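Below is one structure, written out as structure tokens, with a few remarks after it.
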Amino acid sequence: MEKVKKPFDKQRFIKEYGIILIFVVLVAVMTILSPNFAQPKNLINILKQTSINGILSLGMMFVIISGGFDLSVGSIVGVSGVAAAYLGMGEYPLIIPLLACIGLGALFGLGNGIGISFGNLPPFIMTLGMMTVLRGLALVISGGQPVTGISGEYVNISSGFLFGIIPYLAVYFVIAIAICAFVLTKTVYGRRIYSCGGNMLAARVSGINVKAMQTSVYMIAGIMAGVAGFLLTARTTVGAPTAGEGYEMDAITACVIGGVSMNGGTGKWYGVVVGALIISVIANGLDILGVSSHYQKIIKGIIIIVAVLADVNGKNAR
Amino acid sequence: MKKKLAAFLMSAVLTVGLLAGCNSASNEETGNNDTAETEAGSGSEKLKVAMCMSHQTNDFQITVTSAAIAKGEELGIEVVVFDGNNDSATQISQIESAVDQGYDGIIFEPINVDAVQNIVDYATQEGVPVINVVGAMTDWEDYVAGYVGGDNVTAGEMEMRKVAELLDGKGNVAILNGPMGSDPQIQRHEGYDIVLAEYPDLVVVNEDDAEWATDKALNIVENWLQSGKDIDAVVCQNDGMAVGAAKAIQDAGLTDVIVTGIDATSDGIDAIKSGAVTGTVSQDAAGQGSLSVETIYKVIKGETLDDKDLRTENIWIDSSNVNDY
Amino acid sequence: MSEYILEMKNISKSFSGVKALDNVMLQVKPGEVHALMGENGAGKSTLMKILMGIYSSDGGEIIMNGGKYKANNPKEAMSVGISMIHQELNPILDMPVYENIFVGRELHKGILVDKAAELKEARRLLDDLEISVSPQMMLRDLSVAQCQLIEIIKAISIKAKVIIMDEPTSAITDHEVNVLFSHIESLRKQGTAIIYISHRMEEIFKICDRITVMRDGQYVGTDTVKNLDENKLIKMMVGREITDVFPKLEAEIGEVVLKAKNISRGKRVKDISFDLRRGEILGIAGLVGAGRTELVEGLFGIEKLSAGEIYIHDRKVSIHSPRDAIKHGLALVTEDRKGSGLNLGGTVEDNITTIAIKKLLKGGLVNKSNMRKAADEYIDKLKIKTPSRDQAARNLSGGNQQKIVISKWLLAEPEIIIMDEPTRGIDVGAKRDIYLLMGELVKNGKSVIVISSEIPELMGICDRILVMAEGEMTGALSRGDFSQENIMAYASAIEA
């Protein structure tokens, strides 16, 4: 029985790696438009600016690939950021606020997961409810005001540099990428996330505990959001109850641009990373050029539509 | 059956959590069903005044309402605060309910200065006195009994003037706005423009909308600092953004860039104490709150006001006087 | 020590008060191929889903391999040695073949997936079953038949003691069926028991040892294949005798109503020309992949034609979309009723009135009583078994679902009805109803084109049969010249 050798499929190549091409083109364009863009200091800034949304997007990636949707991560960032600020004033070692954020994120994610997998609530509704509740909670805990007075050590978590040049934030991002990429591509658990998202019924009848899988991915998203909240407080030096508002949209955008299908079952980790980078590059480039942030919104929206068009049409073309 | 049980448990847990949290919050309600009716100025029961604010999510707002409530206790008035959630329709409903539930007076901060004329007419028809606080509706003199507020225009002017002084009238200025088109943003910018017109050597090199948010301000200023233009001062329309701008400047290793804000919220005050932010403008939030209650009390009692337009003082706070706050 | 490897005794199950199974029994010996037969709605799938742990029974017991057994989920069922090929395919479209095969039982080293081992094993399984598909291909790119073959591989590779095969051959060709059967033989020799659910009598009599019949949720009886014949079997299933399986009504064949000239669609359909006459039932035979569905999709405007012309009543027409097709009096009952035929969440009435809704308006507005009448008319005409017209379509059996799709089209009063595998996955009784319906249609002056992979079916009901192979038309036969050998020969005309 001879094996069929597949010729180099140009269409598939573009589909899989197209997003990287777009990123390269974007960087080139920005460099041409403003020489200041390609300065090392600016590129480092871009890494810093991508990290927090990037970590959030990686968590969101798990949820979307498994076929779900999470609107609450922005609020989790807010709540955990406030909690971290209270705990990060120097009284306790920094591991305490970090663990608190992870714990809170896992807890809220668990809430989402249970509501969706056991309560059979549509993910959109459940996480919408959670988003609203947690934002209120953040305001209540903080008394409506940003929590100030975090320790210098805590601030340094985000402003410091490894070996003097690599920002810590980027290091955390890279660690998160490594872990997430590994889990998704190499472990049985990761494979099963794709199975659930690809065809939940098939996964179920093949013996996968779909409810447990669903619950676990929301916990992952929650934990990533908690970590993002921890880092955001360090970066802005305050724990603002309104922090993270709208972050879920950027996370979803990064995933969509990166090729994660809203139907679940497909998506590559490097796509999401590139997606998050693209968002930062656009914001950064436009700021340097002095273009209003309102235009960024328009451009982000257009890119989402184009990215999804390409995805949908890629699937239909046979 | 399992589905319903799970849903019920979930809601129960969430509700209990909410209620527990609510109890520790300040005296806030979003509309109650109290049907106690009181005639205006009857004196037989404690007076009840509704205070409808645009939102209650920052220090400034909370200072206003806390001071109002305290003043109310002094005068024997129960002040009930309503959070309009920055939504004009919500606020209109709240004012309407306040009238229908027999409140003796209404103090409100208009979310949309052109949307509230009808509802104020309704309140007046029903005999409920109304005054504005923090911000004034369009043509307020024809509608409400008084206006107690800060003056966003003079606040913006004071801030920019201080910056001009500190720069000796010459330099590159970057501006961070609140949400474009909102009234505070427009008014504070008006103040800026007055000063900028007087100092032609003060050049605005960068300007953008950071939506009152610390993290957005941080990102934007971080990027501006890479754009190749020198920035001597970052003028922010509120303290939240000033804190973010200051952090970006600090991260970039620059030490003599001026950063200013408005509102004198706790994060701004702390930042002035630590030296990150140069100064802020206090619009005496507490003063606005307590003066508004004093004023509505007078109106309910039927006294005539000497002056319907009552503004609190703008105070410049910097390292020299920050310890008083 | 029982002679049976699996015993299901007194199994009962109700859904919302409706009894689906009533004290049903099934006993399977090791190494036997045991057929489970019955009309649609008889309860076969429900019984198997209980066995697989997808449903739980309300009463009765199951003894597996000598021990009392109850699976709460499919994983438990698989762990005691039961696996299932589902009637409704469950492919994960955006995953490659080798990952699909090992869903839920991924080959692994610790927590890591062992991709190399999976690829190797997948290749071996594919070669064994002579499936010319690369393990890296995405299921989205495979045909329905190939997906079904992958499902078969999945079940076989689990090395179960009991394999349930629910309509395993509904989408695959005779050649592939033979390969499957030889595998069943080797499984049988290994002592694996197979529960075989199918409506294809020929296959049952070829491969099975014993047959258990169910009817309306109840156990009717079990006997060896030797003691049964088609008629006896049908009588058990239906409760009455059906004398002819392929009723052919006589109809007058008239003038040419549709002329297809040089129809091409890229490589899939190459230069097909044919005529269709009034009152005629025209069959299109061929192996899977021959291009039959692609041909009719092109005629109907679902996909673009790269070349060719269509003439209806001698007038050239341009059909760029299904809407155009409908306007010109065409109807298409698609191959995949769940995917493109039904609104599963809608009711019977909703579905039936979808296309022709304009006819049911009153004063320009939707008129409920007209819609109800239309639904009732067709429920009656086509003998659709449903508790009411407001029943959700997804709750009905395959045969009844198909009848709803056909009703939907008939309500629009088309002249030319194209049916793509209309009797797939449908029981004997319902199939007959559909054949009779086709006969009535052509008697009333309509024309029917029917695509089918069941040659006996085509031979039974068609006036002419066209045969396609690899996109080309390789043969055309009139009723007098029908023979299975001829048709198969044309269908396999080009061997790779």
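Labels A, B and C are assigned to the chains in the order they are written; within every chain, residues are numbered from 1.
In the analysis below, contacts are C-beta pairs under 8 Å (C-beta built on N, C-alpha and C of every residue); 3 or more make two chains touch, one makes a residue touch a chain.
Given the structure is predicted, the values throughout are model-derived calculations rather than measurements.
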Could you name the chain whose Cα mean is nearest to the mean of all protein Cα atoms here? A
Let me check something: if the centre of a chain is the mean of its CA atoms, which chain is farthest from chain A? C
Cα centroid separation between chain A and chain C, in whole Å? 43
Return the distance between the CA-based centres of chain B and chain C, expressed in whole Å. 68
As a quick test, compute the distance in whole Å between the mean CA positions of chain A and chain B. 33
Touching two or more other chains - residues of chain C: none
Using the touch definition up top, name the residues of chain A that touch chain C in the complex. 1, 3-4, 6, 186-192, 194-195, 198-199, 201-209, 261, 265-266, 315, 318
Name, in rising order, each residue of chain C that touches chain A in their complex. 52, 54, 73-75, 77-78, 84, 86, 90-95, 99, 103-106, 108, 111-113, 127, 130, 132, 134, 136, 140-141, 154
Once bound in the complex, which stretches of chain A touch chain B? 34-37, 39, 41-42, 45, 48-49, 111, 114-115, 118-121, 129, 133, 136-137, 139-141, 143-146, 148-149, 159, 232, 235-238, 240-243, 245, 283-284, 287-290, 292-294
In their shared complex, at which residues does chain B touch chain A? 2-3, 6-7, 10, 14, 17-18, 21-22, 24-26, 56-59, 61-62, 180, 206, 208-210, 213-216, 218-220, 222-224, 226-228, 240, 243-244, 247, 250-251, 265-267, 270-271
